[in-house]
Amino acid sequence: MSHTIHQKPKLLARVRRLKGQLEGIERALEAEAPCAEILRQLASVRGAMNGLTAEVMEDHLREHVLEVEDEDERHKGGAEMIEVIRTYMK
Amino acid sequence: MSHTIHQKPKLLARVRRLKGQLEGIERALEAEAPCAEILRQLASVRGAMNGLTAEVMEDHLREHVLEVEDEDERHKGGAEMIEVIRTYMK
Amino acid sequence: MSHTIHQKPKLLARVRRLKGQLEGIERALEAEAPCAEILRQLASVRGAMNGLTAEVMEDHLREHVLEVEDEDERHKGGAEMIEVIRTYMK
Amino acid sequence: MSHTIHQKPKLLARVRRLKGQLEGIERALEAEAPCAEILRQLASVRGAMNGLTAEVMEDHLREHVLEVEDEDERHKGGAEMIEVIRTYMK
């Protein structure tokens, strides 16, 4: 059982909003919008991606580490967290 | 006339690939995939986003700064570049 | 009692190495080195900073979260971790 | 002749301030400060590093690209800029 079950609707809404933002960039490219405009939209997608990722990390920490009584399970959740930290801090 | 005209097909292909990756995350959430898996997919989208952004920045620098003979036009393109640098280095 | 006690010599060595790298940048500026060279040195300091930060985060997670049996203490360590994630994912 | 000549005093002051912040982290480690405190100081150094890097990038863009009339020289400065963008957007 994964933690994403509990937060599923909220996370799905964020992913769909992100997809909508990418569709905005697609339309801007088709319409040959100025690239300064495209760059602003890309920065906004990046912010939204970072926010979504921080939320999934926090959920993971809460449900697979903090609230886990079993030490082995907790260390498994922690090892996954460390893998993520290394990926993002490279 | 914007620089995005020349690179349009290539950039559109990258944006669509990114949208496909987000749809993969959507499906993974629906299927209640383990969040370690979701986090890996998010890291991969982040890499693709950064790659796309670097490409748009490079194109902008080339077509609105480097290849511009008119000094005023070049400074306009440069000012937009500086705005982008500030956003990304915050 | 803080976790930094255990890792202290290793972390101090990394901080001192970073200081040495900054002194290199100081000397390069004094010697009026080309700025492409300065930018390369700055990128290298950034990599070292990220590596040090990832290490402190991992140590924190291990010693203030994973190895803590007391639930209240674990949640305190976790809340600090979440604060850090938010700072870095902004 | 490098652009860093003109901005030298300002950049040197920033590098020295950064060194001072690292010395603060060194003292905090020696004094066995809580790691949440160390992490806050690291985040603050990261912010200062990013600010310094953005400034060097902007100076480079201004003096080696925007204000350069000779097209070959401008492309050389631009190629260095693109190298930097790729490093930071990886």
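Should a chain be cited, it is by its letter among A, B, C and D, assigned in written order, with residues numbered from 1 in that chain.
Heads up, the rule we're going with is that a contact is a pair of C-beta atoms (placed from the backbone, for glycine too) under 8 Å apart; a residue touches a chain by one contact, two chains touch by 3 or more.
Values in this document were obtained by computation on a predicted structure and should not be read as measured data.
Looking at chain A and chain B, no chain is in contact with each of them. The distance from the centre of chain A to the centre of chain D, each centre being the mean of the chain's C-alpha atoms, comes to 28 Å. Each chain gets a centre from the mean of its Cα atoms; for chain C and chain D, those two points are 17 Å apart. Chain A and chain C have Cα centroids separated by 23 Å.
The multi-chain contact residues of chain D, meaning those touching 2 or more other chains, are 50, 53, 57, 88.
Chain contact topology: the protein chains form a single closed ring, every chain touching exactly two others.
Interface residues of chain C facing chain D in the complex, by the touch rule stated above, are 2-5, 8, 11-12, 15-16, 18-19, 22-23, 25-26, 29-30, 32-36, 38-39, 42-43, 45-46, 49-50, 52-53, 56-57, 59-60, 64, 80, 83-84, 87-88. On chain A, the positions that touch chain C within their shared complex are 50-51, 53-54, 57-58, 61-62, 65-66, 69, 71, 74-75, 78, 81-82, 85-86, 88-90.
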